[in-house]
Amino acid sequence: MSRNRTSLASVAAAACAGLLTLSACGGGSGFDDGGSSGEGGDGKITVLIGSSGDAETKAVEKAVADWSQESGTDAEVTVASDLNQQLSQGFASNNPPDVFYMSTDQLGGYVENGSLLAYGDQLSNADDFYPNLRQAFTVDDEFYCAPKDFSTLALWINTTKWEAAGLTDADVPTTWEELADVAAELKQGEQPGLAFSPEYQRVGAFFPQAGGAMTDEQQTEATVDTPENQEALDYVQQLLQDGSAQYSSTLGAGWGGEAFGKELAPMTIEGNWLVGAMQNDFPDVDYTVAELPAGPQGKGTLAFTNCWGIAESSPEQEQAVDLVEKLTSAEDQAAFAQAFGVIPSVESAAAAYKEESPEVAPFIDGADYAQNPPSTVGAADVITDFNSQLEGLADGDPAAILESVQQSLQATVGQ
Amino acid sequence: MLPVVVLLGLFLVAPVLMALWVSVSDWRGNGSPFGGDVGFVGLENYRQILAGGGLAERDFGTSLRNNLFYVVLVVPLQTMIALLLAVLVTRRSLRGRGFFRTAFYFPSVTSSVAITVLWLFLFSTTGVVNKILGWFGLNGPAWFQDPRGVLHLLLGAVGVDRAPAALGENGFLGITWWDWVAGPSVAMSAFVLMAVFTTSGTFMLLFIAALNNIGDEIEEAGLIDGANAWQRFRFVTLPMLRPTLFTVLTLGLIGTWQVFDQIYTGTQGGPAKTTLTPAYLSFQSAFVNQQWGQGAAIAFVLFAIIVVLTLVQRWVLSEDRGSRGERARADAVRAGVTARQQGGGVAGGAA
Amino acid sequence: MSTATTTAPRARATGTYVTYAVLALLAVVYVMPFLIQVATSFKTEADAAANPLSLVPSTATAEAYRTLFSDSPLPTWFANSVIVTLVVTTGRVLFCSMAGYALARVPFRGRALAFAVLVAIMAVPNVVLLIPKFLVINQLAIYDSYAGLIIPLLADASAVFIMKGFFESIPASVEEAARIDGAGTFRIFWSVVLPMARPAVMTVIILSFQASWNELNHFIVASQDPGLFTLTKGVAQLASGALSQGTQYPLKLAAALLMTLPVALVFFVFQKRIVNTTTGAVKE
C-alpha cells in the first residue's frame, strides 16, 4: 500500500514538474501531430511570400499552380503576415520553405549563415536581368538569387489639387528649388504640400540627387557622413521645418501612399506599388506621376527589389530552381506586372511593359540611375536605426544623425 | 524517487542551459544550435550589448532607459489609483458598488492585444484623446508617432533645448546622459496610461480585500479620537495596508519590466526606438534579425535585473517582521502568481 | 457617539456626494473606451476618423464584420483559439488538481523539492523564456503544431497553488473514512476529494480560460504557420499593419472586440466568483 502510494506520488510529481517546466520553459513528452508544414523530402515545394494584397497573392498562386501542373510536382504558396519573422523561425527550426521572397537588406545575414543556395548562374536567363539588380543579389561574386521584379520611387501628384492651386504641367518640379516652391505653394494651413514616410527608404532618394550614397559601390566602405548626404538631409529638414513637407505619420497615415490616397497631402514620394492601392482603395483620386526632381548632382532614386531565395537545405533544390526559372521568365513577369504593378526584372519584359502602360514610365526610367539600399550583414538593423533617427529629423541635427549611422554601417561593411 | 529528480533536472535545467549555450555561441539561426559548425564565442554577445560600442549596445541602453521611465511612472501611478479606487468602492454606504467594481476591473480581463488596438485608435492623431484635448483648446500630439522625450519637452519649455556639454558628451551604454534623461517619449507615455488603465483594477481588488480585513473597528477607533477622514486614512488605515502595499509594488515592479505584448502589437519599438523594451529587443534580435546569441544574452541580463529587484524587495520585506510576517509571505505567493499571469505586463486576468 | 459627531452628518453628506462624483467620472473613463470601440466598429473609416467620439455611427455599417468573416483568416484564428483554450483549460484542471493533491496530501520523498521548484518556476518571468521555449519546442519536434501550442501551456503554477490550498483545507477525516473502506489514493482523489473541490476547480477553469485565451507571446514563438494563428497573434499582426495597408480602425477594433467577447462573457457570468476568489485568496 505504502509502496503504491509512493509510486503514484512520484508519477504525479513527475508529471506535475514536467508540465510545469513546460509551462515555464517549454519542453514536453514530445510528439508530432504532423501539423507542421514543409517537411523535407516529400517532394513538395513550399513557397513563402510576403504579399502586398490579393492581386499579388492570386497572381503568384496561379503561376505556381501552372508550374505544378506542368512539372507534376506539388507546390504550395503560403502568405506570410510577417515575412522576416516567419523566415527566421523557419530556418532556426530547421524547416525553412523551399522558395521565398528575400529582400536586399536581409540578404547579407542569410548569405553569411549559409542559409541561401547560390543558384543565380544556373538560370538560363541569368544574363537578362538588369545589371544593377543582379548586382544587388551578388555577394563575393556569387549571384545568389534571381531578382523577381523591382520598383523605384517617383513623385506622385494629385492633379485635382494641383490644378486648384493654379499649377499646370509646366510646373511639375524638375529641380530641388522647384520642388520646394510647389510644395510651399500647395501647402494649405496645417496641410503640407508633400508627405512621405519617415524612413531612409524614401528620404534616401535625395542622397543620389546630391551625389551621395550610403556606401561605395562594392559596399566595402560606408559613406554616410559625407557633405553630399548632409546637403540632402539639410534640404529635407528645411522642407519639414517650413511645413511644406510633413511625414505621413504626423498626418496620422500609416505610409506616404495612404496620406496621398486620403488626400492629406497633394504630393508624395512613393513607388509603383501604389498604383494598385490607388486603384483599389482610392479610385476617385486623380493623379499623375513624374520622375523625382534632380538635385545639384542630377537625377536619383532608390530601387527596391526582392529575389526568389532558395534554401540551401532544401531537399528539392532542382525543382525549386526550375520553378524560379519559370517565375522570372518574361512571360510570367509580364503577368505579375499587369496584376500588381511591379516592374519586370528582365529588360525585355520591362520595355514591353512600358510600351503597354506608359503611365509607369517614370518608374522604369528610374532604373537607369537608381541606387540600391545597402545589403551588408547587419545593414537591416542599421537602416532600422537610421529610420528611427529620421523620425526626429525636423528638430534633429542632420550631421549627428549621419555620423552615428556612418559608425554603425561602417561596422557592418568591414566584415 | 530518483526518476523524479532526474526529470526535474532535465525539464527545468535543460531549456535554460540551451539558451545559456546560445548566448555564448555564434549560432545565427540556421539549422541546429547544437550542430558541429556552431562555435563558442565566450562572453562576446554580452560584451556586444554591454560594452560593444556599437548599435547593439546603444539599442540595449535605449531599451533600458525606455523601460526604466516606464517602471518609474507606472508603478506609483497604478498603485495610487488602485488604492484610490479601492477606498472609494469600499465606503460603507455606497450604492452601486458592484457596478463600479465591475467597471474598474473589466479592463484587466481583456487581452493586452485587444487593449492595445483600442489604444492605438484612442491615441491616434485624429483620435478620441486629441478630440477631447481640443475642447480645452489644446493641440494634442501625434502620440504613437511622437518620439520626443517628455522631460526634454519640459526642459525645452524653460529654455534648455540643447544638451549641456557635461551631459551631451559622456554617457552610459552608448547613450549620452542627456538622452538618458529624455524621459519617456510621448508614445511611451500613452503606454504608461494604458498600463495604469489595465492593471489598476487588479490591484484594486487586492486593496479591497485588505481593507475589508482591517474591518470597521479601527475606523471607529479613529472616529472617537476626533480625527478627520484624511487623518484616519493616513495614520490608521495606510499603516495597516503596508503588507498589501508591498505586494502591489513588487508585482508592479516585476510586471513592468516585462513589457512585450503591447510593443509587439502596437509600435514594434518605434517611434525612434522610444518604446523599445529589453523584452522586445531580445525577441527582435533573435526572431527577426537572427542575432540569437545577443537575444539570449539580453534575456539573461533582463532576468538578472528582475531577480535583483525581487531580492531587494524581499530584503525590504524582511525588515517588516512580526504579526505581519505571515500575511506578507502569503501576499508574496500571490505576487508570484499574478506576476506570471501578467506576462506582458498588463491585462493579467483575475489574479 | 461623541462631541465630534455634531458636525459630522453634513460633512459626511458632502463627502458622499464628492465620492459619487469622483466615482462617476472614473467610471466614465474606464467604460467609455469600450463603448467607443463598439460604436467605431460599426462606422465607416471616414466616419471613424472624423467623429471618433460619437457613440452613434452616422451611417451604421457592418462592413468591418463582413470583411473579417468572409475576407480574412479570422474564422481560422477564432477556431484555433477555441481549440487551444478548451484543451489547455481541461488539461490544467486535470493535471494541476492532481499535482495540487500530491503536494498537499501525499507524503513522498522530494515533496519539498517539488514545491521549491514550483516556487522557483513562478519567479521566472515569461518574456525571459521566449528563446528557451523556442529551442525546446524545436528540439522536441513539436514546433509549428497544435502540440507545440498546447503542451507548454498545460501546467500552471498558480493553478497548482490554488488546488493545493483547497485540498489542505479539507479535513483529513474524510479521506481516512474512505481509506478504511479500502480505497486507493487515486480512488480517494478522484471520487472523494475532487468532487468536494468544485469551487476551486471553477476558479482554475476561469483563470485558465482567461490566461490561455489572452496568451500571446507563447504562440509567437511556438509556430509560424498562418493556419495555426490564434486570435491574439492574428489580431496583433493585423494591428501592426502586416495584413493590410492603411489604418482601417473600424476593422481592427471589430477584430479586437470579437476577441474580447468570450472573456467578457465569462467575466460577466462569473464576476461574483472572480472578484471573490481574487479578494478571498489574499484574505487567507
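Letters A, B and C name the chains as they come in the text, with residue numbers starting at 1 for each one.
Just so we're on the same page, a contact is a pair of C-beta atoms (placed from the backbone, for glycine too) under 8 Å apart; a residue touches a chain by one contact, two chains touch by 3 or more.
Note that the structure is predicted; figures quoted are calculated from it, not measured.
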Lowest number of touching-chain links that must be crossed from chain B to chain C | 1
Two chains sharing the most contacts, counting C-beta pairs only = B-C
Computed over C-alpha atoms, the centroid farthest from that of chain A is that of chain C
Nearest chain to the global Cα centroid?
-> B
For chain B and chain C, let me know how many angstrom lie between their CA-based centres, rounded off.
-> 19
Separation of mean Cα positions, chain B and chain A [Å, integer] | 34
Send over the residues of chain C in touch with two or more other chains.
-> 49, 108-110, 114, 117, 121, 124, 126, 129, 132-136, 157, 221, 240, 247
What are the residues of chain B that contact at least two other chains?
-> 1, 4, 8, 12, 14-16, 124, 126, 287, 292
The positions of chain A in contact with two or more other chains are 6, 10, 13, 17-18, 21-22, 24-27, 85, 89, 92, 94, 252
State the interface residues of chain C toward chain B in the complex, per the touch definition above.
-> 2-5, 15-16, 19, 22-23, 26-27, 30-31, 33-34, 36-37, 40, 48-50, 52-53, 108-110, 113-114, 117, 119-136, 139, 157-158, 161, 206-207, 210-211, 213-217, 220-221, 231-232, 235-236, 239-240, 247, 249, 252-253, 255-257, 259-260, 263-264, 267-268, 271, 274-275, 277-284
The answer for chain B against chain C in the complex is residues 1, 4-5, 8, 12, 14-16, 18-19, 22, 33, 85, 88-89, 91, 93-94, 99-107, 109-114, 116-118, 120-122, 124, 126-128, 131-132, 197, 201-202, 205-206, 208-210, 212-213, 223-224, 226, 229, 244, 247, 254, 257-258, 260-261, 264-266, 268, 279, 282-283, 286-287, 292, 295-296, 299-300, 302-303, 306-307, 310, 326-327, 330-331, 333-334, 336-337, 339-341, 343-344, 347, 349-351
In their shared complex, at which residues does chain A touch chain C?
-> 4-6, 8-10, 12-13, 15-37, 52-53, 78-82, 85-86, 89-90, 92-95, 252-255, 257-258, 261, 277, 281
Report the residues of chain C in contact with chain A in the complex, numbered from low to high.
-> 49, 95-96, 98-99, 101-103, 106-111, 114, 117-118, 121, 124, 126, 129, 132-138, 140-147, 151-157, 160, 184-186, 221-222, 224-229, 234, 237, 240-243, 245-247
Chain B residues within the chain A interface of the complex = 1, 3-4, 7-8, 11-12, 14-16, 28-32, 54-55, 58-59, 124-126, 142, 145, 147-148, 269-273, 287-290, 292
